[in-house]
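After this come two complexes, each holding chain A, first together with chain B and then together with chain C.
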Partner chain A sequence: MNSQSIVLTLLLALCSPFAWAELAVVAHPDKKMISLDRAQLVNIYMGRYRQWPDGGAALPADLKDVKERFYRALVDKDLAEINSYWARLVFSGQVSPPVQLKSVTQVLEYVRRNQGALAFIDEADVPDDLKVVARLTEAAPQ
Partner chain B sequence: MSLSRLFVCLAAIPLFATGEAVASDYLDGRLSVRGFGTLGVTYNTTADAQFIRDINQLDGPADSWSHDVDSRLGLQLGWRFSSTLDAVVQGVSRYDAHGRYDPQLTWAFVRYAPDASKQFRFGRLALDMYMLADSRDVGYSYLWVRPPVDYYGIRHLTHIDGGDITLKRPVGSGLLWGKLYAGIADEEISSGIDGVVFDAEGTRVYGGHLNYQWGAWHAQLGATELQYQLDASSEYMQAIRFAEFFDPALANLLKDIIEPVHMQITSLGLAYDSGRLYVQAMASHLNRPGTEFDIDSAFVTLGYRMEPVTPYVSLSGSRTEGVQYRDIGIDVDGSAGLTQQTLSFGARYDLSSSLALKTQLDFINVDQAGILWRSVAPDWDGRTEVLSINLDFVF
Partner chain C sequence: MISRLRPLRTRLALRSAALTLLAVALLGGASMIGALLINESRESAKQYQRLNELLDIIEQTVQVACFLDNRELATEVANGLLANRIVARVQILHGEGILVERGQASDRSASEPLERAVVSPFMPSEEVCRIVLTPNKDEIRNAVLEASLFTAAILTLQLLGIGVAVVLVLIKVVTRPIKILSHGIRRLAAEDGQKLDVLPGNEHDELGRLVSSVNGLIDRLMYALRSEREQRLQRELEERRYRSIFDNVEAGIFELDPAGRLVSANPAFRRMFGLNPKVNLDIRVVFLRDLTGDAQVQLDTALRCLQADSRPRHLDVKLESNNQIRWLSLLFNRFEQGRMQGVANDITERHLAANAAEEMAVTDALTGLGNRRGLSRRLQAAVRVYQSDPAYRCTLIMLDLDRFKQANDTFGHAVGDMVLQHVGELLTELVRKADYVARLGGDEFVVLLDGAVRRTDLEQIVSRFIKRVNQPFVVDGQTQVSVGASLGIAVLGEDAGTEEVLLHMADGAMYRAKQAGRNCYRFHQS
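Up next is the complex of A and B:
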């Protein structure tokens, strides 16, 4: 492999969706004026403070197949650590974990139906009618 | 089949379940059923004193293995009436002051949370006196095989019948929140004397804490007032009358133990959790009338996540002035109190997202053997090692 093709391969790797995939956090169309920063997203998803900046209750949902990537990008934790974190909050009677959903279809339906709902999906799955309130970029695989 | 055998069999059931730990939700998510547990074995190298996890336990291992120190099973039922009103009932079975696994109702409350900034709970509540105090039984939720004994071992009140209020608001880049609670305790503790059990029912508890969470940091400042009251059995009262004849000083000490007292506990906690690096440190002071049994205690734990293993090291200790044995008529050098230090090394291995295997080795150095040890030999040099292997799960 000559030096040109090495550079080309590296560039392709950097552009590949596996290296720089984006996750989108979608919400009800009514939230069109709102965007969330990382700290607000952590507050909502980790059960610290579940309120939208405009005042309504935030109802987060987890999508099973994307969950591991989402929490890695959000708080750099694996699913065992996330479950351990929730065990403490749940069994001390504080707050419940996000609603667990299995498919993108279920997620979209949940978000369309509930005004305060938010959920993460792959950027490629974002439909036109929902509002993207945050984006998370995944780190390149080690 | 003994209760403890039955308990172990029950606890083993979730091991056959595979994969993810998820609560079971029924009736369109209104009813939730969740559980947690620990199967643990503990070996204490000294034959001169029995190791216990907290003062609620009747006895513990001495130069032997025991499955009673950490093994426990909990079950929680939740019912959601509406998006702002729900109810939770939780029971735990663990080795208790009578040496049994009688299930205990640890919480049963109704919660009203009109929005994210306010929450009101009424009923039987976890006593949230300091960080992790309300989840001490849930081994799966922390790194150690058990919360540091020097720090948590004497804090035996786990719940109150009363209420609490939590208020939160974003401040700067973090979250400021506080909690106030008040209620009456309903718990039994082992006296450590020949199976005598004290009843702490009627103890009044008031307190609160203030927290600030920002990024990976969490700081907590807490204060609690306890109007502590212990009822002793008739055997204990008889022992006092008997002691009055041959050792009035000892009789006075036994009387002092059950005198109603006001105690104050103040604590400061700091935690850092960046995803990989985990650090937690706490310090507290327990103040009671007289200075002999004021207790200062602290711990610091450092863990580093190397998926799926998290090795950790922890240093903890507690200190009292203590009371000289000779002052209470016992002809032995030294003093009774609660001065000891523990250095622990351990690792948590996550077998799945609902099951963790942990092992921990504690090096313990005791200067004043007090209520945290059972059946202490007078000539014990105060040194021991404790090895623990636990399997923690949630379902």
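Up next is the complex of A and C:
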């Protein structure tokens, strides 16, 4: 992000208190209270280590509507870049991209069903039963 | 070797081309070496830049490979890099370990490796690995060498081209015109004033100036030749003129060296001195003093004085040859370097004329005896002798004819003159050769006897004379004339010491003889 955008973002944030939106990464309800930092989140989502810090496979999932905002907030890349990243790796067969889900409902169902799953949703959509393992503060949409 | 270099010495164009090429080759060599050095470092820098560019290209892939620890992807990248010849070795260092190492780097060609830290594609702050590229030094060298060889080849071709161009240009612009000019100069009839032609196109350049210089030189030479020829003709003319004067003049012209030797002499001189016209004075040694007869001493003195003070000297010499006496007048002038020039004139005629005039002045025209002036001169001489020698004597006899006036009146002047001539002859017959007879005028005669004469002898002489005079003689074959004579005698040294006194005394004695009855003689009586 260049300095110009930062200034713009700050200005927008000052103008509207509602510009501040948050994304939450949710996990299985049985998951013990674990908080993932940004690096851990990147490792898991970008296929480096598909494991939880306490062991156990991590199964990330992408929510189609929020995906763009999520990756912007997480690694500051757009979807084309993320897609090209995965396209480069898809033939090596070692790693695969996160599961692609279309709706919040699907996400919630997927997380509830899989012990090691994690997914990101809008803060507002977080149900009470799921654990929030990370919060991402995103800049106002461009 | 020398003979092979000969064309360089004899061909201007080749020499110039060789020198030009040598200079260009030296400069080219120097610049080549410089270019090699610069090229190597530049090429090296260029290689590093290319390596950096390569790294830029593959960086993202390496980021991903390292991020994921993906050996396959890393190997692919490394192979891709090695496909570039300038890359000798690729190392991807992952933490402490080596993720991938491809290629080899020999020690010989080892060079500064290029190392770059690779960060996570998602977390710029996290370094995921390091990539190390070792460049291929040999490849760099080869590239440099190749480039340099190309430059050298171009340069060589350029040199050859320049050489050929220089030769051609020099031949066209310099050598051939010079050759044509030199040919023209060789064929030029400069002595006829012919001029060298300017080659077309060279009117205003150095060759044109050379041609005009040569023409100027010809002009000057021609002018000098002409004027010299004219001067020579003038000189020859003058010389002929003087030669003609020298040869044909009546005066003898000659030249002497300081020793008096004849150096040159004209025909007139040779005629005067009896020198053969064919004698070459350069070979034959002839001294003037040997030609001048009795005047040798005078001549030597005159020449010596002339050498001393350079004043012209004059000398009359008398020459006797073939019983002929000739008088020559010599005039000497000092010339240069001690040489002397002289002019000789034949003055015999003048001399004889002068002598004749002198003779005439002291001669009585009627009788051929001496006259009063002659007597006076003779007496003066006698007095001078007496003064230097008191023992000297001479006798003066003064004689006056008797009855001459009657004869003259009776028979006329013509007969009188004959009588006088007759008496003169008688007197001359009676005296010796050394004695002197003169007629003083009218019928008055004088006889001067040289030396001492005894009184008795004297009386005998005068008696005989009176007797002879008194003998009648026939004039014109018909007229008989008879005269007498009265004589007075005085002796120099006894009766008188001077001319006047002696004459006076003799006159007095004669007067007494006349008083005594004529036809007799009287001595002076003191």
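The criterion applied here is as follows: the second predicted complex is superposed on the first by the 121 of 142 C-alpha atoms of A that agree within 3 Å, B and C clash if a C-alpha of one lies under 4 Å from a C-alpha of the other, contacts with A are read in each partner's own complex, and residues count from 1 in each chain.
The rule is short, and it goes like this: contacts are C-beta pairs under 8 Å (C-beta built on N, C-alpha and C of every residue); 3 or more make two chains touch, one makes a residue touch a chain.
These numbers come from a predicted model, not from an experiment.
Asker: Would chain B and chain C fit next to each other on chain A once aligned, or clash?
Answerer: On the shared chain A, the partners clash.
Asker: Just to be sure I read the superposition right, which of the two partners does A:48 touch: chain B = first, chain C = second, or both, or neither?
Answerer: The answer is both, since A:48 touches chain B and chain C.
Asker: For chain A, which side has the bigger count of touched residues, chain B or chain C?
Answerer: Looking at chain A, the partner in contact with more of its residues is B.
Asker: Could you look at A:87 and tell me whether it touches chain B, chain C, both or neither (first, second, both, neither)?
Answerer: A:87: touches chain B, not chain C.
Asker: Going by the overlay, flag which of 114-122, 186-194, 204-212 or 474-482 in chain C ends up clashing with chain B.
Answerer: With chain A aligned, chain C clashes with chain B through residues 114-122.
Asker: Counting contacts the way the document defines them, which residues of chain A are shared by the two interfaces, the one with chain B and the one with chain C?
Answerer: The overlap between the chain B and chain C interfaces on chain A comprises residues 39, 48, 75, 77, 85, 88, 92.
Asker: Write out the stretch or stretches of chain A touching chain C in their complex.
Answerer: Per the stated touch rule, the residues are 38-39, 42, 46-48, 74-75, 77, 85, 88-89, 92, 94-95.
Asker: Considering the complex alone, what residue numbers of chain A touch chain B?
Answerer: Per the stated touch rule, the residues are 39, 43, 48-51, 55, 57-58, 75-85, 87-88, 90-93, 96, 99-100.
Asker: Chain A touches which residues of chain B in the complex?
Answerer: 20-23, 29, 32, 34, 36, 74, 76, 78, 83, 88, 90, 107, 109, 111, 115-117, 121, 125-126, 128, 132, 134-135, 137-138, 140-142, 168, 170, 173-175, 213, 215, 274-276, 305, 307-308, 350, 352-354, 356, 394
Asker: Quick one: in the complex, what on chain C touches chain A?
Answerer: Result: residues 61, 64, 67-70, 72-73, 120-123, 126 of chain C touch chain A.
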